[in-house]
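Shared between the two complexes below is subunit A, which has subunit B as its partner in the first and subunit C in the second.
== the complex of A and B ==
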């Protein structure tokens, strides 16, 4: 048996044993997943989570016949809204992984998922990398050769990595009063969204935590959502080891919205990993807004915030919502006097990690995000808040409005910037 | 820092949560998924059969047997609660005065009594005659069957919501919110609609509450929306309106996480345990409203040996053996569906600060007597008022 058919057999068994048998028959066809799916209403190419999931799955025994599952953006909303506990998104992610193993996958999907390599290569040559990514000729070549849409948002390379900043910055002056936490910034926080990561560290230090920042790689989420399960597994296992190296009983605070979700549930539920080390890290991981709101609910968060007079559109990324933690960033921002948080009400911005970069999906992603972009245009006063990196790039590229992690405003309200 | 945790996002959970949030309480609502109103007809039933068809639901409440959820509340309080809901969402969404039920056609042409309905539906009440128009690309709406059972004429329009042969009601409703599409739809309907005092159309006339009026005005004759399968567009309107009001009142919502346990001490619930991604979180609060639904949502379960239980709080049920309450006749009353939890007059069960609302409460076969939303809202308002200090 070839390696590919071995891999396909393994994935099929998982799909069958872990997901189909325990959750497929719970579907009562209420169709709420379709009501909330962000992709289904904007394209006929995707027949909706119920059809490609609990219905088509029954017919996928011989061959993965329904290729429309590839148009699922993996936002996870169908599982969140299902009132019967059907793991619709997980079924569809595995079905796609089977399809990609059996039918092959574009080289593009292997390239755009290598975020850490991109970061490492781009940082030393940041101005050149940014110029290339801003060059329409280069983007045209990239679209034709690789399949990344020429209009899709790209990260901005920074000349200093987060760890470069950590090594060179002056030591924090205030003494920690609350003990240590581990900080998880994700690969984007390390290389591209360095500002959000820095400010998260400074906020945590400001309220009395000692912040440990172990060296850390990619969580593998992008590989996973492209069906590259083996590579994703290697990545997330390495990350788990790195995060555990800083301590095995400390809270892990994450500023990487969707990557936190990978550690907390997706690696377990979609990749099927049961490693006790992964489950341990997942249990200890908190989104930074969730962590601060837990302190607030316990009466332990300083709220001596400076006033910021601002009407602030806030978009919760689908992959933060799918963690089932409510909307802690909106709750947190509302504690700052003067900020009027306007929730986007949008299910998804369209990008869904790497989905909206692909040339065959770019227009769909823009259509998914249209309601959000219109809402931002109608309500913003110069800034939007959103918890996840690629969503911020998508919103900023599509609206022209500066889009920041919510912690950036908390940092400002504490008088740190 | 949280005053009340509400479990459940249906008519009961949303009503209790909104009422409490509007009174200034800090409320966190937790639901394992979406649901409730979207799975309903988008109307508010109070009492439709008892067991014969009821004309005045309020008058009929006093005739209900002991053990019915309404009996401990009383007709006046039921009326106040339901009118609160009506006035809260406004008369673009709910109309009716509770003195007399509307009798409205279902999508298969049966006549169904309900107390409050959406303004887009009520022209069908006591109409002298009907006409039906279906949409070829809306296969979920059986226009021939509806017209056949009503004994009226039917016609079809051919107008896809988008480029596909079969779209859902929700997809049509989204298209209808675009005034251009609504205009084309009304023109197509006007071109074929048969004669009849009231023109029945599928309930796809906009997700937004006012869209149906544009179509009605253009047609220039009385029309009525007929509710369809879930997710029901009129149900979505009610759900969205209540959820938006709850959030505007400062309410916080967790959707997609199951409540899996509780911690109790001294006859009170101290916290409930929510299974968020990665692990359990304990939500502490002063009071808890439990509005999880009943059998259909899995809040009350029956195992393979017929043992009925409420797994979360281990609440006492009026019957624990399903074999004793399931009969052989499909059409006969099913006492199984009356099984639930009995509460005290404040709506509490087992714990001093645990208030119940909705389907979890024993004593009514809601789908048979058409009382689901009324019981949900009345018990939700009772729970909220008990917490706010009006405890009986």
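== the complex of A and C ==
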């Protein structure tokens, strides 16, 4: 047996062992997942979540034959909306992983998922990297050779990483009054979206927390949604060890919207990992808005916010919604006097991590996001809020409107910027 | 009255009958098959879907074991498109006698049934849901087989050799001239027309109904006992390998992955009337318990549908000694010439679907003997039937691959069974008098989780849009289809299937208001 088929067999065994395959029994074909799927209505190339999930799964044994499962963007909405408890997205994800093992993986999917490596390489040469990514000739080459669409949003490299800043900044002057929390910034927060990460730390410190920022790598979500399960597994396990190194009973506060979800449920439900350490980290992880709203609900969040007069479109990313935490960022932003939060009501911006970067999916991703982009255009006053990095790049690239993490506005309202 | 002439009339369109008509036609006889309903509607497809390796009989019935092993290989060769080579395990479950496995291995060696013991860990690795407490595991060459695909394949082969296959033709009389059979009278129940077929020979392959057929020839003591067994299909393949309990044959000892479902069965209860087969709830529970022994999460899985079939067991003390060469433990040929003094008529009973071809060979050999046609040898074991020429065995992924290929051009009508519109329309147009159940048996329309809740109305609408039927008949067909689905639904209703049935009910009664669609003059029954 070849290494490939051995590997795909191993993945199938993992699928069979899990409760999610059994969950297909609950499907009554109601089509709610199709109604909410952001991809299904915009392209006939995708047969839809009901089809690739509970229906097709009944036919899967041996060869992977339904390659169109790869048109699923892994937004996870189907599982969220299913009233019968079918783990639609989880079933799809595994089917895709098996398919990629059996039929090979485009080199592109291996490259664009290596966010930490990208960050490490680009930071020292940030101006050059940004110039290259902004250069249409270079992007044309990249599209042809690698398969990343020339119009797709790309991260902006920063000349200083988050950890570089942490090392060089003056020590915080106020004394912690509330004890320590662990801060999880994700790889984007470490290298590209450094501003949101910095401001999260400053907000937490401002309200009295001692913020521990252990060295941390990627959570593996991008690998997982591209079907690279082994790499994703290695990464999330390494991250769990890193986060636990800062303390085994501390709350972990995350400014990386989607990556928090990886720790909280996806690594367990999609990768099928049951490590007690992972489950422990998942249980202790909170999205930063969720964390601040929990404090608020307990009467412990200072609300001495400065007024910001702003009509603010807010988009909750699909992978934050699937964490089942309500919409804490919108609730939090509404505490700031003067901010009128307009919820996007959109299911997905289209990018879904790395989906919208791929040349064969770029147009689909744009079509998925169209409703959101129109809404932003109609309501914005110069800024949009959104919890997840790639979604912010997608919205900013597609609308031209500055898109920030909600904590950036909280930072401003506390008078920190 | 329509008149036909034939050398031989075969009565019964189950696996035996189509096997016989194919065999007779391949030997050059002008053959006509009469079936009172649709092919494979009686006993044939009301089964597990198991293509026996022979393992089940290595201890209890060695001759059947050998026959099964040989026929298993032949059916795979000639009807590849109906067979999936799933492989099978015989497992000793906790509480079973581990020593039986030794008898099993010895029996397998003696009967020529391929079998090898594998480590329990390997069995569990290959079938993760299998009871982790199993003590031993033996691998065999079981497969699963689609009974309808099998009979239609054989029927098409027979037609290619000039045979006539007449479904919905009910036998109403068998005429004799002196001590010979001379004609069979039948009624075409769809057209309401009488048919007379002059013939020299009648082969009674009516299974549990063989006694009723013999009575038309004045033979009132052909005693066929109907042994009723129920089966329950679970919503998905809990296993991809046939799982047998390694014990002396008993109730609920086999779990078969066939198409997208897994089927547990069966029971064995004597019935007086093969047309009235109950699916008692107690037996359903017994099957679910039996499933738990093999797969401990069985009762959490979703039961989809249940059915009952009748085994035809011939009890006859007067089988002449001269007939024994045509008999084996599993099957019996009655020669009415030596038994009752009526020439030109044979009855066959017993047997199993796996050995259907061999049964046909036996009875046609017996006919040739009586006719003195000893030169005409059986040729059915090597030539593939139409549709199986590639000799590529069926795989559960086939329809998914086809839909993947055609997904932009050919909409899926039955989502659960991935039935494409083009296939549905083609089948409807080939058989414009068909009911939706007839279509179902050939296409699997409505056999999946929603049991027709979504696709039956689509199919009825397409039948009208394609001008196969008018709106009134479509209403009748739809109602008949839903009524028939219900027979197999109510005995297993629990859990997920209750939710499904409720949703189906809202759709059918609420959205489509099926009681008030254009009414046929008379409720459609055929």
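Note that in this section the second predicted complex is superposed on the first by the 413 of 417 C-alpha atoms of A that agree within 3 Å, B and C clash if a C-alpha of one lies under 4 Å from a C-alpha of the other, contacts with A are read in each partner's own complex, and residues count from 1 in each chain.
Rule of thumb we're sticking to: a contact is a pair of C-beta atoms (placed from the backbone, for glycine too) under 8 Å apart; a residue touches a chain by one contact, two chains touch by 3 or more.
As the structure is a computational prediction, the values presented were derived from the model and not from experiment.
**Q** Using the touch definition from the top, say if A:51 reaches subunit B (first), subunit C (second), both or neither.
**A** Touch partner of A:51: subunit C, not subunit B.
**Q** Which partner chains sit in contact with A:24 here, subunit B, subunit C, both or neither? Use first/second/both/neither.
**A** second
**Q** Identify the partner contact of A:241: answer first if only subunit B is touched, second if only subunit C is, both if each is, neither if none is.
**A** neither
**Q** Does the superposition put A:343 against subunit B (first), subunit C (second), both, or neither?
**A** Only subunit B is touched by A:343; subunit C is not.
**Q** Could you say whether A:296 touches subunit B, subunit C, both of them, or neither, answering first, second, both or neither?
**A** A:296 contacts subunit B only, not subunit C.
**Q** On the A-aligned overlay, A:251 touches which partner chain: subunit B = first, subunit C = second, or both, or neither?
**A** In the superposed model, A:251 contacts neither subunit B nor subunit C.
**Q** Applying the touch criterion given at the start, work out whether A:264 contacts subunit B, subunit C, both or neither, answering first, second, both or neither.
**A** first
**Q** Quick check for you: in the superposed arrangement, does A:84 touch first (subunit B), second (subunit C), both or neither?
**A** both
**Q** Taking the superposition as given, does A:7 touch the first partner, subunit B, the second, subunit C, both, or neither?
**A** Neither: A:7 stays clear of subunit B and subunit C.
**Q** Which residues would you name on subunit A as touching subunit B in one complex and subunit C in the other?
**A** 30, 44, 84
**Q** Name, in rising order, each residue of subunit A that touches subunit B in their complex.
**A** Contacts found on subunit A: 30-32, 34-36, 41, 44, 79-85, 261, 263-265, 282-285, 296-299, 321-327, 331, 343.
**Q** Which residues, counting only subunit B, touch subunit A once they are in their complex?
**A** My answer: residues 1-2, 28, 32-35, 38-39, 162-164, 168, 170-171, 174, 229-231, 236, 247, 252-258, 274-279, 281, 284, 297-298.
**Q** Could you list, by residue number, the parts of subunit A that touch subunit C in their complex?
**A** 13, 16-17, 21-22, 24-30, 44-45, 47, 50-51, 55-63, 65-68, 84
**Q** Under the definition above, what is the set of subunit C residues touching subunit A in their complex?
**A** Answer in residue numbers: 125, 128-129, 235-237, 240, 260, 297, 300-302, 395-397, 399-401, 403-404, 407-408, 412, 415-416, 418, 448-450, 453-454, 496, 499-500, 503.
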